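The letters A, B, C and D name the chains in turn, as written, and every chain counts its residues from 1.
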Amino acid sequence: MGLQMNTDELMVFLDREFPQVTGDFAIEDLGEMRIRTRLKVGERHLRPGGTVSGPSIFALADVSVYLAVLAMIGPQGLAVTTNCSIDFMRKPAAGVDLIAECRLLKLGRVLAVGEVLIFSEGGESPVARASLTYSIPPR
Amino acid sequence: MGLQMNTDELMVFLDREFPQVTGDFAIEDLGEMRIRTRLKVGERHLRPGGTVSGPSIFALADVSVYLAVLAMIGPQGLAVTTNCSIDFMRKPAAGVDLIAECRLLKLGRVLAVGEVLIFSEGGESPVARASLTYSIPPR
Amino acid sequence: MGLQMNTDELMVFLDREFPQVTGDFAIEDLGEMRIRTRLKVGERHLRPGGTVSGPSIFALADVSVYLAVLAMIGPQGLAVTTNCSIDFMRKPAAGVDLIAECRLLKLGRVLAVGEVLIFSEGGESPVARASLTYSIPPR
Amino acid sequence: MGLQMNTDELMVFLDREFPQVTGDFAIEDLGEMRIRTRLKVGERHLRPGGTVSGPSIFALADVSVYLAVLAMIGPQGLAVTTNCSIDFMRKPAAGVDLIAECRLLKLGRVLAVGEVLIFSEGGESPVARASLTYSIPPR
């Protein structure tokens, strides 16, 4: 199918759609059906003890699949998450960004399914895994 | 078993554990194995169009089960989410708080399982449902 | 919307679509957007110790949502499960049927979402909970 | 940690624990924290049209994580599934075995988490993905 949007176009689109989180995320690498995304961890993402909060990890997984889908189908603000299953497996390292490795397993006419492994930067064992389904608007 | 913490004690504990979200949540009703919680929707919870973002809905589900568990076992900062499955079913109404109806289905020695239905205040159909597992620290 | 199929019609349809499981399931009660279903537990559903196997519990949850959806939309063999999240919370009682209490939370044009609580017959605490999404074929 | 059981030992254990499914499964490959498993598709796994049923796919995912965990911790009949999230993404090919590629993402003291991709043999796109949590009995 080929990529419909590049990294810069995705970031511009994200800034417009999610202005509240502008600056939280960066795209590290982009390919067909896959993306690597960074959560630039700041004070507002933390829990006491310095680890990243669950909602922040969820947001990283969610935005990663969203961007991977958009990259393939083009700018569709109406793509919405319908389901997420997430396992929190290890405590994220304190004071370190999170890196999401995301892969689309399905990109259908109506539904897309992506899976995400999330690591503390430099860590070998994932702190979380997630799978998400997006509903794709009729084109 | 009986409640180990009341509404005021839960809110004090929450403020200490999640200082970043102080003021976002309120407890509407509390009972054994159940809680009703409010997300006071503000600008930072919104997406364009005025609906509440996915991570904010996740946070409401997560904090609801957390508080329901704490109310039963007492202040245990170390209870952590291990799994969440969430279905986003309808667009939340714009400019309206979200209400979570949470029930604990299991409160075991090691694991607790809660389910949550989330409504736009005054709405009849749930905007989301979630089920979460918490790991309970050894006592 | 009203029911499009009654209990007898659902069972005839099920026998045709799932001939391998004919006789495993019975409908105890049927209403709009809800159903109560029984798994008639037999030797082939058991694990050593006499408890019902995970796949059998999954099958009960799956068929319950399927029947609840069919009852509302009419005989659509092409409705397919796209996602299931299931929590196994307690060991089912030995030698006892399982009862599923199922409710549809959403019945959209494309997707339906149902939730299920599963009990050992006569038991008060659920042995499992599940939520399932069905994809509905275009009509 | 190293493998505590080899393929033959796992199959003997499985035959004893799941006598109802003896002969349904085979181990194709085994390593530390990973396993490849086959569902030998027979008449009883099928739905009309010849595709494999959802409960059969669930059973394959479940048994794969179970065997991967056992291989690492040794024969523990009491390891039980506590959660499964599964996405059904494509119709399995008719008359073809299913192959599960399973990896353990976490093997903790109390909980293990595994993820599984399931393919029709020879197919390139997964028909399903699943993630499962097992509760490990105290040793």
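Note that in this section a residue touches a chain if its C-beta (ideal position, glycine included) is under 8 Å from a C-beta of that chain, and two chains touch if they have at least 3 such contacts.
In this text the structure is predicted, and so the values were computed from the model without any measurement.
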Path length in the contact graph (chain A to chain D, fewest steps): 1
Most remote chain, CA-based centroid, reference being chain D: B
Residue-number overlap at the chain A/chain C interface, same or different (half cut): same
Whole-Å gap between the CA centroids of chain A and chain B: 23
Chain centre separation in whole Å, for chain C relative to chain A (CA means): 33
Distance between chain centroids, defined by C-alpha means - chain B, chain C (Å): 28
Shared interface positions of chain D, touching two or more other chains: 82-83, 85, 87, 89, 133
Touch list for chain D against partner chain B, complex: 82-83, 85, 110-111, 133, 135
Contact footprint of chain A on chain B as seen in their complex: 16-20, 43-48, 53-56, 58-59, 62, 77, 80-89, 91
Touch list for chain B against partner chain C, complex: 85, 87, 89-90, 105-106, 108, 113, 115, 117, 125-126, 129, 131, 133
